[in-house]
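We just call them A, B, C, D, E and F in the order they show up, numbering each chain from 1.
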């Protein structure tokens, strides 16, 4: 029996959308107020979803305590209360859009989760904007 | 890398469920209090989800400002603070169930979104009742 | 020991804001799209709050089952799936703004709740607009 | 046109995670504070999702009133205000993890829903932990 | 300048409403399904609100990290994943209604918070039922 | 009849907690990760509450369209997608704690709202941390 289990977390970060290959004018045109050079920020809400078979001994797909710890180590400790552009290696050369942040988180968690399990990331930048990535 | 981006919006409308081919009695039996001839209403919460490849130049699947504007023009401006049965061409001859409203919104947005992108509509009629339509 | 207990409920209704003493033009100017003659609607979220002493025998201020039943009888059965302007005596001659609906609900419940208890109504017209009335 | 309709419900229950084939020590190691012999509890939030064609006569996939009644009979009346381990036949010999509860609810509803319709269960144990099961 | 700061937390517990001075029959009549002898449970959502002057050096009324730690020590560590009736001294002889739990939490925190600061507790037993206590 | 009407809004900003009169070490000790020199950020949720008499002609305390516009001009246009420390005059010499932001917003709105009306600000820094200020 295949089932999906999900764990929600949160981190608060500053960022700025910017493409260094473009002129300042084009950056402002495309990214609007998200291009503010002094940065702005968000409470990012993260949902990590893992799909696999239920272990008949535990009744678990994956122990939520382990999943919570993986999210803490590989997402919260890296990104919470950070400036994504300035403080992280991941976004030194990658535009920190919600799409790219979701892909970075997926890759960071993928290597620590049993390859028999499917992994999906949902990331809310605001209550009204969110993205989903499942590694395809 | 295929990713889904979603934008949430809201509109407040009156409606009545009714099948003109049925007797008043059958309408009351099937639709219950939703058949009230004087109408009732809802705060419809809408989530528009678009799936596609991330553009490496912008880091976007679709610019959320553009998606927000499409929702405003083709959904909110048409349906917000309207009586769906009386004030709209779409539901003059179509029963405005949550299912049918979702299909109508999907069709209205589909023609304005790049055909390479997949489109899905989620519509909450109340916090406890919602529907999803992806054009299949 | 004085404590406040609250119960949440919901009803879905149609309404129109309109002052019959004004011209159509002034009504449109003041009430905007809320003046639509065909009505629009909302999911009204209601919170009923009762303040008083804890009964040492039950540990209750008021039995929530009784409060739930009072809300059902005097609010939901009257207003749910109704057109407030057309279907209710309360708003036949009273503009159904959130403010006036809260006052009407407060008066309807006040007579059924022990006068030693304080009563307050919170009414959400949308997630972003709400009012509070405590009988002062 | 294939569409998914969902209905949300809730039930409040006590439970304890425990594997009778293991030592007390191993149970504490694996299940941590969820193994407390005196039980703890949750407000379980349930979303039942049904996928199928829209009936052109009603505009419904399934009448929400019927779905609501099925959830009441086969989930709420059985599990609400119960101790899952002590008071239910379903979990007398099955560990009541969120995963197993979702599978049990899926099976309980599956036999009462037209086999042409697809069924999926989403179960929130807390705001931050939830599972999804679709019968695969 | 007087301001109120609030911190939200959560704990999951089992409980049973019961008055040992009453017959089993009266207990069932008054407390209904909340009287189930095998217990049921809830995700209790707690909001702790502290009112006082802003410290001009820090810009804080109270350091949220300290408030978070006080809630952990005096509420979560005591009540989370516990059976309130069986596992806690506080409710060995006190009926664990939401009202009484709020008063117990208020008293537990009051002695650890500067007496110049006002303290208020809000406790949600479910999304639809909640209580507030401010020590009066 | 005195009633309170509230309007919710949101803005996304970067900030850093820092007291320039203190050493770097003391700043890190007191403000922890909120002192990060590269800034972090939040989705601030704002509720503006206005209390007064219902105007019998409109049924309004204050026209929500006007309140929404005041919030846009005096809060959102100033703070949304800004770095509070770097981009705003208000926080050039004031530590942007949630407490201080609430007071600044209260003062900004107070001068544009009829002095017969009472004004209160609620500001959520995260879902779990929020403050309230009413000008006392």
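The rule we apply is simple: a contact is a pair of C-beta atoms (placed from the backbone, for glycine too) under 8 Å apart; a residue touches a chain by one contact, two chains touch by 3 or more.
A quick note: this is a predicted structure, and the numbers were derived from the prediction, not measured.
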{"item": "Contact-graph distance - origin chain C, target chain D", "value": "2"}
{"item": "Neighbouring chains common to chain A and chain E, by label", "value": "D, F"}
{"item": "Distance between the centres, which are taken as Cα means, of chain E and chain D, whole angstrom", "value": "28"}
{"item": "Geometric centre distance via CA averages, chain F-chain B, whole Å", "value": "34"}
{"item": "Numbers and ranges of chain D residues touching at least 2 other chains", "value": "127"}
{"item": "In contact (per the touch rule at the top): chain pairs", "value": "A-B, A-D, A-F, B-C, B-D, C-E, C-F, D-E, E-F"}
{"item": "Residues of chain C that touch chain E when the two form their complex", "value": "1-9, 54, 57-61, 63-65"}
{"item": "Interfacial residue positions of chain C with respect to chain B in the complex", "value": "10, 12-15, 33-34, 36, 38-43, 80-83, 86-87, 126-127"}
{"item": "Chain D partner contacts - residues on chain B that touch it in the complex", "value": "17, 19, 21, 30-32, 94-100, 102-103, 127-133, 136"}
